[in-house]
Amino acid sequence: MEARDAYLDYAATTPVDERVLEAMLPYYTQVWGNPNSLYRRGREAYTALEAARERVVGAIGATHPNEVIFTAGGTEADNAALIGITTRARPDGGHLVVSAFEHHAVLEPAQFLEKSGYAVTYLAPRPAGYIDPEDLRNALRDDTVLVSVMHGNNEIGTLQPIRELAEVAHERGALFHTDAAQTLGKVPFNVADLGVDAASFSGHKIYGPKGVGALYLKRGTPFAPMVRGGGQEFKKRSGTQNVAGIVGFATALDLVLAELPEEAARLASLRERIVSGVTSTIENTIESASYPERLPNIAHMIIKGVEGEAMLLQLDAKGVAVSTGSACSSGSLEPSHVLLSIGCPPELAHGSVRVSVGRFTTAEDVEYFLEVFPPIVERLRMMSPLYAKMYGSATT
Amino acid sequence: MLYSEKVMDHFNNPRNVGVLDDADGIGEVGNPVCGDVMKISIKVADDKIDDIRFQTLGCGAAIATSSIVTEMARGMSLEQAVAITKKQVAEELGGLPPAKMHCSVLATDGLKKAVDDYLVTHGRDPIAVGTIAHDDPEFDPHAEEHDDACEVTEE
Amino acid sequence: MEARDAYLDYAATTPVDERVLEAMLPYYTQVWGNPNSLYRRGREAYTALEAARERVVGAIGATHPNEVIFTAGGTEADNAALIGITTRARPDGGHLVVSAFEHHAVLEPAQFLEKSGYAVTYLAPRPAGYIDPEDLRNALRDDTVLVSVMHGNNEIGTLQPIRELAEVAHERGALFHTDAAQTLGKVPFNVADLGVDAASFSGHKIYGPKGVGALYLKRGTPFAPMVRGGGQEFKKRSGTQNVAGIVGFATALDLVLAELPEEAARLASLRERIVSGVTSTIENTIESASYPERLPNIAHMIIKGVEGEAMLLQLDAKGVAVSTGSACSSGSLEPSHVLLSIGCPPELAHGSVRVSVGRFTTAEDVEYFLEVFPPIVERLRMMSPLYAKMYGSATT
Amino acid sequence: MLYSEKVMDHFNNPRNVGVLDDADGIGEVGNPVCGDVMKISIKVADDKIDDIRFQTLGCGAAIATSSIVTEMARGMSLEQAVAITKKQVAEELGGLPPAKMHCSVLATDGLKKAVDDYLVTHGRDPIAVGTIAHDDPEFDPHAEEHDDACEVTEE
């Protein structure tokens, strides 16, 4: 068993694809003008920027170039959507619904709005890992201004019934935002099909650069900018645009969509192998969420009686990169709010592991992981003062 | 957040793992709900720690601090052992990331409990009681580990 | 007279230096981990990120790594400083002072705060182009929470007496922020010497990439984050960091500082040549601001009886890139607020031209500009229905 | 913001620049404070525009719209000339960036004024009065040029 470099955390970030980097390079040292300048160098940059925008607009099924504004990432897009839509649509307060298992990039601005005087419902998902449209219906109020439910959960990997949820929101007159950072390029994403008013995207999840993302805002959606200044991005997001990064994002999106159907099938089979491999060879392990609609690339499991960071570090020592929802790994006292939200007890949440595959993952990477993982679990269980007591034996 | 080399060494090659079958004192602290539990067993001879073992469920820092505290305590008098501070544990490991400082409390508390357990089961007065953070119902292991640059960060 | 490519708008943006790009490249396809991940790839990225931070911290004279947070540019840094400091230090309202000739990236958040219930004084500069510390003293109130005056003005190029201004603010208990997007790397900048509590920087003004900047926040300065989420950047700015861009920014800063003294002298003499060349060969032209403390690289002149965008486009046709404060170029009705603030009448402000030089500007570029510019002015003046009436003759 | 090729052509090679020495009518609109002023002079024969010249102080679009309007108007009847709309001017140029639409009003207004000037100095009734945007004290040239995607942008 040779040591490998098995990166299995594509849901955290991805390498920039060589083809993407290639597309970006001219915009550092050749076409480097300010796209807001009128002379040739500015016009060249402007043309590249708008061409990139058109590509993104087309790729997500938007209808008008002004519906896509570029941001510094998924987090900024989420913040801008939550705060920008809410404060503009209802400056004097009102009600928001966000799912309880949103990314912090949605939860934190929701909490900020709560402190600023808005009422916020943190809607619990069903234990299987999805937001039930009926639960949303019951949470809506006459003054609900915005509902935000992510398209695919970044930890447990479940997809949400966005079209139904958006419909329920709209019936009650609320706007609908979805955080699609994890789904763009992994499952079909079309704003018209889903019927959303706003959606967030992140470049570095799709083999594009870090520090660039986009916000889809359907025409006419109320919006107050978060970053104010020179009035770039149709006055919706000021600041000289990261032209190279934006070209990278658009290129990455093109590539990932071109390869989507085959790649999704390939990743799904790797994912299945991971889940069945772990749960069949290591006792007291389960998949975290049972909802069948899911991202093809994220496997998420509970390894009972083990702490996540310790697993992660031991896997790292073997050249395997994964992530965990344990409290220790996040530097907070609480384990993953996502797992807690679907009813996973904290002592099990501490032992969660997320294995996510991507473009450069091979079957060998997966087999290697499945080979090195059981002895690690066994070793940690043997080192635990509780495992034998609780589960009988530490051997796998 | 980066662990020092010494932390990683103790995490990857923890010293004194296990339970002493004929332990004179046992200390168990922590809670699986919080993600870390530690158990220390000691053998005592001449009021010195003669042998020592630990078991820990927890993160890298929890395991490393457990491991090093067993090395530090071995051969110490009981008084010396209960006087080991979390700061000393962290220093001995070449430092700990701020978010992990509470792990060293786990290690020192486990040791203190084991010593008191030995003393009490041998009819003597406990010497650590009152200094064991995990006995305090108000104890918040993370209270002190805020990054001081963030003092005024969030509302 | 051969057509050239004479880029003379370095104050708008700069090309990425090849050495900077070189330094960035590994962070796209080799060291591409998420710096917030614990395994090797994450640690590598984290190490690079923190090394870049240390370099910036050292370069600006900060004392602690946590004093520098990376942003998506100068605009975001300005917004975060204005809104983050004010709302945290005085959540229930208070008073701000900003100079009337700040960049929109400062003015717009100030106006946002004004709408949110803060009182804002837009302090007029003296006609020579600087903020007088006595004027600031008179503007301060007991409830003044923050003063923001830019270090160097991006249009007229005057430097502001930041140390004195910060002292005056501090005497009255107010915090002090300076927008140093234009000065970093062009004149010495040291947070301790200047005595500021916060300062904003932008990468693409110093031969670094677009879409990256930094905010200096002195330890203990009250601050509420603007972008919230995963808690990156010491919880002060969430979002997966743009590692490549940040490394580029730090590298660009190193380079620009290493070359500063000689380069500043070289640029200053090019600047002098531009101003004297234009004002001596074209009648009815003047330098816009007389304050002697100024950026070495920005020449700013009023060309009476001409509209700026027309000049800009005609220069562009000759391969020369400059900028203007005319209303038309900005798409707004008003010409440059900077020129109006120093008492320049709108009809003259429409005819302003900014010529800014940089690393790759040669004496030949400048001479070429000085050759092609007079006939352009003459032609436009001859086309004007007013020039002959107002100034007698359209010939230069 | 990009100008069409035709705008750039008319800006770089403006047609009919100048003042007719023996003009029958002159129209001047705009204000240097706003950055654009246009003056049109016309010769009229048989109630048709026989010759036409313009002078413009203003941006690329102001010059280009002035230039094209002189081309459009030449040979037109006075009625036809005053009926030229800003939309036609913009279309004739292959479009204008939204922020520049007001420039075409400058051109059509200048032409209207010149026609009325001719009519009035020849003792006839003006035909454009009332349709000249620049005569309206409330006129804001930028009022219509907001980007419709920004309708609800700013507070």
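Letters A, B, C and D mark the chains as written, and numbering starts fresh at 1 in each.
Methods note: a contact is a pair of C-beta atoms (placed from the backbone, for glycine too) under 8 Å apart; a residue touches a chain by one contact, two chains touch by 3 or more.
All values reported here derive from a predicted model rather than from experimental measurement.
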Tally the contacting C-beta pairs at the C-D interface and at the A-D interface, and name the larger one. C-D
Centroid comparison with subunit C (C-alpha atoms), farthest chain: B
Distance from subunit D to subunit B - Cα centre to Cα centre, in angstrom: 84
So the centre of each chain is just the mean of its C-alpha atoms; given that, what is the distance between subunit A and subunit C in Å? 35
Taking each chain's mean CA coordinate, subunit A and subunit D are separated, in whole Å, by 53
Got the subunit B residues that touch at least 2 other chains? 1, 155
Contacts with two or more other chains, residues of subunit A listed in rising order: 38, 112, 309, 313, 329, 331
Given the complex with subunit C, which residues does subunit B contribute to the contact? 1-2, 147, 149-155
Per the touch rule above, subunit D residues touching subunit C in the complex are 1, 8, 11-12, 14, 17, 19, 28, 32-39, 55-63, 97, 99-100, 140-142, 155
Seen from subunit A, its contact residues with subunit C in the complex are 7, 9, 12-16, 18, 21, 24-25, 28-29, 32-34, 36-42, 71-76, 78-79, 103-106, 108-109, 111-112, 202, 204, 209-212, 226-231, 238-245, 309, 312-313, 315-316, 319-323, 329, 331
Could you list, by residue number, the parts of subunit C that touch subunit B in their complex? 38, 43, 46-47, 64, 66-67, 88, 91, 219-225, 234-236
In the complex, go through subunit A and note every residue touching subunit B. 112, 115, 305-310, 313-314, 317, 326-329, 331-333, 335, 345-347, 350, 380, 383-387
